[in-house]
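When the chains are written out, they are named A, B, C, D and E in that same order, and each has its own residue count from 1.
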Amino acid sequence: GGDKDVPSDPKTETPSGTSGEPKYKKEIIIAIADEFTTIDPMETTAESNQIVQDCTHDLLTDTNLLTMQNEGELVDSWEMIEPDHWRFKLKENVRFHDGTILDVDDVIFTFERGKDKSTTSAYISKIKDFIKVDDLTFEVKLHNGDVDFNYVLAANSLAILSKEAFETMPEEEAVKIGTGPWKFEEFVPGDYVSLVRFEECTLYDVPNTERLVFRMIPEASSRMIALENGEVDAIMSPSPTDYNRLSESSNLKLITETGRGQHFIGFNCSNTNSIVSNPEFRKAIAHAINKEEMVIAAWDGYAQVSTSIMCRDMEYYADIEGIPYDPDKAKEMLKELNAEGITLNLITSDASHRVKMAENFQAQMARYGITVNVEFMQQAALIERLQNDKNTEVFVLSWTPGMNADYMYRNPIHSQGGRSFYANLNNSEIDALIDAAAAEVDTTKRAQMYEELQVRLTTELVPWVPIAQATLTMGADKDVTGLLLHPGLVHQFKTAEKIIN
Amino acid sequence: MSDTILEIKNLKKYFKTKRGMLHAVDGINLTVERGKTLGLVGESGCGKSTVGRTILRLIEPTEGEILFEGKDITKLNRRQLKLVRKDMQLIFQDPYSSLDPRKTVSQIISEPIIANKILKSSQDIHNRVAELMSTVGLAARLFNTYPHELDGGRRQRIGIARALAMEPKFIVCDEPVSALDVSIQAQILNLLKELQAEFKLSYIFITHDLSVVNHFSDDIAVMYLGKIVEKAPAEELFANPLHPYTQALLSAIPIPELGVKKERILIKGEITSPINPPSECRFKKRCNYAHDKCDVHPELVEVSTGHFVACHLVGKQ
Amino acid sequence: MVKEKYTVGELKAFKKRSIASEVWRNYKKSPSAMAGLIVVCLLILVTIAAQVIYDYDTDIVQQDIMNRFKEPSLEHPFGTDHYGRDVMVRVLYGAKYSLSVGIVSVAISCFLGSSLGLIAGYYGGLVENIILRTCEIFMGIPSILLGIAIMSAFGQSLLVLMFAIGLVYVPMFARTARAAVLPVRDQEYIEAAKVSGVSDLRIIFTHVLPNAMSPIIVQVTMGVANGILTASSLSFLGLGVPVPAPEWGAMLSSGREYIRDYSYLTFFPGLAIMITVLAFNLMGDGLRDALDPKLKQ
Amino acid sequence: MKKDLVLNVKNLVVRYETEDGIVKAVNGLNLEIERGKAIGLVGETGAGKTTTALSLLRLIPEPPGVEECGLMELDGLDMLSLTPKELEKVRGKDISMIFQDPMTALNPVFTVGDQIAESIHLHEDVSYTEAQRRAIDMLELVGIPGERASDYPHQFSGGMKQRVVIAIALACRPKLLIADEPTTALDVTIQAQVLELMKNLRKKYQTSLIMITHDLGIVAEICDEVAVMYAGNIVEKGTLEDVFNRTKHPYTEGLFNSIPNIYDRKAMLTPIKGLMPDPTNLPEGCPFHPRCPYMDEDCKKPQTDRAISDTHFVRCSAYDRPGFHINRKEK
Amino acid sequence: MIRYIIKRFLMMIPVLLAVSFVVYFLMDLAPGDIVGMMAPPDATEVEIEMMRKEMGLDGTLPERYFRYMKNLLKGDLGMSLSMKRPVIDIFFERFPATLKLAFGSIIVAMIISIPLGIAAATHHRSWLDGASMVTAMLGLSMPSFWLGLLLIILFSLKLGWLPSGGSDGFLSIILPAITLGAAQAGNLTRITRSSMLEVIRQDYLRTARAKGVSEKKVIYKHALKNALIPIITIFGSTLGNALGGAVAIETVFSWPGVGRLTVSAINSRDMTLATGCIIMFTIFFTLTMLLVDIAYAYVDPRIKAQYSK
């Protein structure tokens, strides 16, 4: 043991002093940007909560971030008997933090609890019948066929809770009980939430780290300074200005992953009072935008320029060419449309990258003689405006779909798809195509359908001009491992650890 | 044949305070003869200024009548009041706070003329101001100065000029000289006397300085805690003070002459609070002659012609 | 006593020395106050000049991504920002926002607040009570939070910002004005005016207001300083003048992410705010001293 | 015969150097006070009475005040050579002062007992409890019940406050007491009480007294000597008899003529014409000459004191003129 | 005195109701609501209505406000819409941090300002006076968040002496307290100076000097106690400002205080939390003012006499 390098901080000493074996830092602190508010998975869908909940609670199925495949987490195997009839088998001997063993009753309890919860009711209402086959096997019958039902179970709010815990403890204690490798320890609001390892964990290896702390530091620069000062071991979303510092530093590293969020400039296609309802105009704008420049302006270059409105890492993504940047063409088209010197009104939220996209869009459009009035508002206000204001013309927004392809289109594009229908495309052909693709069992046919959707939406109808998929980033100490970024934002830190030598 | 310009009947003014009703003026009767001066003396806080202010209806009386040339001004409405006020004016004690520091001498003097639209053209107004300034002995060069550049005597002259601007018949002088030095005080007293003779003015002259009031007034009323305790022609009062308080007051005046050894009557304590005063004689607590009878407040009675006293002791004689 | 007779011509020959010139004479004596005044004048000049010289669309908003993050140099004395825009040009142009927010908001709060304060102070009684209680309620809410709530309620724009800050400081003005009126109300010259037949309204405007003015004037200059600071705080929290307007607080806020490597992005707008606020504060202090001896007389 | 002087001041000059000019408040004033005597210092506003008093305590605020003095001896002690520490020992012990306005002369946040005791504790070698006990004695001496020692000034009326101030001033039995218009702010009846008290206490303590006032009546009542001040100098000084009955200076005459005579209400007042001179711009020579009815060219020359008798002097060059006398009759 | 305190407490009730009214309505005016933010993207209208009801947001504004008021009068601030926990709990979890910061900043402010103000007043018009005033002005004129950023760069980045944020340990409070204290110090210095100048002119100091009290004692015993009176008033509003004004600083220094909580509650349209926090702020502000008044009576017997009547 080179004890000299290691400060005699009790936190860094491992309990067993066996030489030869690697020593692990006892405690890992991760700085998060947003506030953690509750450990109850059914309470919120806020990202910061779900990250912590992912450590303590498990889902029936989950995305394997190494393979990007949907796999069973608590479920050992499943079988689609019919698109509306599925059978699942739970893993054996999965132990909850309170010592009880997972069985189908816990699943029933969890679903029952989630029935009236706004975060979960949408999923649970898909289920017509829940059949307990034995202690570890259950079947579900659905109202409508869903070939991707396994993805539904990966919703973080559907983390399985312990029925016994709810029977023996008060609710606020019982929700802390999960099957994850980490046990909830302490929550100091506004400051930190700490977890300790679950020594009897059967589902995963017992972590080498003893304590995992999520500290809330809202300012990116403060997070970075804290990392550099060694106050924390890893930080979420460092500021793009620090990317270089992180990747070039001798003891820090930058962890990146292309996010599944599609950032785009959207149009209100139904606003017939405005030129934006004309697809030709939208196409012209698509030609006019220099996406590379916008990526620099908004993400300091750390984003992948999108050519299709569909997100890259999704199933059925086809690498289409899209509409290329062509200022001359754009000028020509705009001239034809008599659109020089017009004014557009753009709304977006006050999130930093959106502000920057909007500002850059404004600057770029000025080169074509188009004045863009930008209005920023808080997210809540933006959503309300997008839903209710018929006069909306242009907006900057992003869409982060779940893993399956239907997610990509149904909500924002399908006229009956839900509340995110801000582009108001109202195209029945597209609607039909989305429906057909979702119900198609044949994967090649399905792939074709999704490609057609991509092409038509990206190059013909252009409800959005896709700009980029931002890079998800983390900063961390070089020696910290097990930090997995999730394109869909529920990052996984189950195996975070740091070897010290 | 007496020509009364102002008559006050049973005037009362109570102020509501946190600690109770403050009987500032508690049922007084006074008359002022035309062209004469009524002196009103008393210690600080006994209600002299309150009497003066109520007469001009700067504060509303609680009770009582104020007859000015026969008209009860307590019953007048705003417009009528404005008319009457042209005949009544007020000169204040403090030549500092009674002049607006933001206004020049001419602006101050011309204010009543403009407010009452007595004169219209600025030429006329200036002429009138010039006339008033010379009347009160203010040098022409002060026309455009600000009061804070002037000494107390001149300021008091400005206040007098302002009061004269509306050619009043009657002026309440609320301690017009007590803030001034003796030599200046004498100048102002002389000026007021001259003006009285020239314009046939009637005064109520409020003061706490007995030698001044003696010099200046025809009749003197002595006030104590909201009540008149003695009232008589000046000479009579000084020659023959009857109320124990008046006697004490007179004996307390330091005389700037040697060899006039006089018996000083020292009264105990200080003027008591006028809040919810008991119904006994207001002076009882400090009076050297107090006895059982004094539990009831005595009425003001005429003991000889024009000499009124409110004291059980005197009433008996 | 000899009485001279004066003619009007004679009287007019004596020139009036105005209070303002007196105040100015006192004001001039303080070097710090003069420094404040000069800076404020310069700021106003710069603001006007910047509006004339620079074009909003091309000089202020247009981006030049290739030229981002240029350190301060001769060409760009304050450097360029993350869009390659010249920081100095933006700071100069942005003076307009800070000044106008400061001035307009103070105009709003001064007008509303002083009127309320005057009425409360002059009439007293129930009116005063109601006004004071209302002020108390608004003063109980931390001003920045009230500002945020108003901004959220009415949306983010320059106008709302001015209005929000103006509203937030109304109670302060009301109290200042009332406090200034109280001693004036009891002055004998008010009574003298009443006896002279001057109407209430006229008394308020010709006697009460001019004499209660000094603290209000001081409050106004300090209020401008406060308003600018509050506006920049709100902008910093993302609730002020929306980008791309080069409002200093907003510039600070957007430069904050680059503070490590490009601290000049936050340094210059911050400095600009500081200098402006300092200048107004110095002016306020100078005015206070210059106006004070007059009142003490 | 050498006089037993408790105070001897020669050529006292005090200026206030203000922005509006140099205020010549006191201009070469000489003052001698014999032990046990009470002298009245009379003069109008701005004559420099308070300034003189303060400079005797060496308490002129600097800036703006500038004090120059040829000689200042308090009971033989050279006040000019004392260090600030030594001065603190003298103030309140050997010389003390009562200020004009009792309403503001007491510290509102300390009890009156403490304020009296502080003085005793500072100057006498006693414990604080002892000092407080003696403070209570002092209070009773000035006619205030001892149990009110723990009250605060605002709980007292004006007259009582002035008694407290007197108690503070006399607490250490000073050799010289300066009373700066102690009764101006009080009502006549209260004034009479306070004057009576001062008279008695002075007798009891044998303290010398400088009574500053503008009321000649008060002087007549409690002083042995009078000094009349005008524009920063003493223009006439003498015993009561000297000044009241054998008045010499035109200004003193003017003062007497301005006072309404309580026994003769018909008598016309003859005020001094004009105003006090501007202290930043005093006239040449006799400062009174612009207002003086007897003025001639010589009055514009520097003036010197002129002895009329052993006890009486006047500062007026008119007496150079043969047969000059003022209008006021000697009594 | 007790009666006075009780009276003040009773007077708080209408004030708080009015504050709740103002804030609640302002929040309602704000476009967007929390349901829109929290609902999953594929939620249907029915589900959204369900969420509304679940959160107690159904019904018209007056209905909702009335419901809210009824609970408020019972002393119940309701549940946070976004955190699903009682507002009062959330507030008090965060409040100590804010209080710590506020007091820290006031201590910083007092340590700087009172000696500085006294020095300036006793050396009126000298260079010391000028220098103190310019220092005070600088403190007042610097945007506090900017000062905070500069301090972070210097002390935690360049020198590495102090943590850049967080709230554990004594070290972490130093920078935020200095930042927040600077502006207050500026204000307090000015108040101390002017109040001291006012007192120094008073007659009773002359009386004290004439008694032979040493100059130092005159200033620190006789003058200071009187000068403290206006300083104490300002102390109240300073604490109030510190409570509210810390918002930006809490952000800069990641300080887990209520200011930040309130701002995020407003931004996320969590009406109950925002209103609740502001009400609590107001209560604390009013309580501070009450404490100040009591302290007032303690230093100024005149005021005490007024209260006891």
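Operating definition for what follows: a residue touches a chain if its C-beta (ideal position, glycine included) is under 8 Å from a C-beta of that chain, and two chains touch if they have at least 3 such contacts.
Here the structure is a predicted model, which means the values were calculated and not measured.
Colleague: Would you pick out the chains that touch chain B and also touch chain C?
Modeller: Intersection of chain B and chain C contact lists gives nothing.
Colleague: Going by the touch criterion at the top, tell me which pair is linked by more C-beta contacts: D-E or C-E.
Modeller: So, comparing the two chain pairs, more contacts are at C-E.
Colleague: Comparing centres built from CA atoms, which chain ends up most distant from chain C?
Modeller: Using the mean of the C-alpha atoms as each chain's centre, the farthest one from chain C is D.
Colleague: Averaged over CA atoms, how far is the centre of chain B from the centre of chain E? Could you give it in whole Å?
Modeller: A distance of 53 Å separates the two centres.
Colleague: In whole angstrom, what separates the CA-based centres of chain A and chain C?
Modeller: That pair's centroid distance is 47 Å.
Colleague: How many angstrom lie between the CA centroids of chain B and chain D, rounded to a whole number?
Modeller: Centre separation, chain B to chain D: 32 Å.
Colleague: Which residues of chain C are in contact with two or more other chains?
Modeller: 152, 155, 256, 259-260 - these are the residues of chain C that touch more than one other chain.
Colleague: Identify all positions of chain E at which a residue touches two or more other chains, and write them in rising order.
Modeller: If we look for residues of chain E contacting two or more partner chains, we find 30-31, 152, 157, 251, 267.
Colleague: Kindly provide every pair of chains that touch.
Modeller: Per the contact definition above, the touching pairs are A-C, A-E, B-C, B-D, C-E, D-E.
Colleague: Taking the touch rule as given, give the residues of chain C at its contact with chain A in the complex, in rising order.
Modeller: Residues 57-58, 61-63, 65, 68, 82-83, 152, 155-157, 238, 242-244, 254, 256-262 of chain C touch chain A in their complex.
Colleague: Can you check the complex and tell me which residues of chain C touch chain E?
Modeller: Residue positions touching the partner: 32, 133-134, 136-138, 140-145, 148-150, 152-155, 225, 229, 232-233, 236-237, 249, 252, 256, 259-260, 263, 266, 270, 273-275, 277-278, 281-282, 285.
Colleague: Across the complex, what residues on chain A touch chain E?
Modeller: 35, 37-38, 40, 43-45, 116, 118-119, 121-122, 188-191, 215-219, 221-222, 225-226, 228-229, 231, 377-385, 387, 410-411, 417-420
Colleague: Help me check something: in the complex, which residues belonging to chain E touch chain A?
Modeller: Per the touch definition, chain E meets chain A at residues 30-34, 36-44, 47-48, 50-51, 54, 82-85, 90, 93-94, 97, 152, 156-157, 160, 163-168, 251-254, 256-257, 260-261, 264, 267-269.
Colleague: Which of the residues in chain B come into contact with chain D in the complex?
Modeller: For this pair, the touching residues of chain B are 43-44, 151-154, 181-187, 189-190, 208-212, 214-216, 234-235, 238, 248-249, 251-258, 264, 266-267, 270-271.
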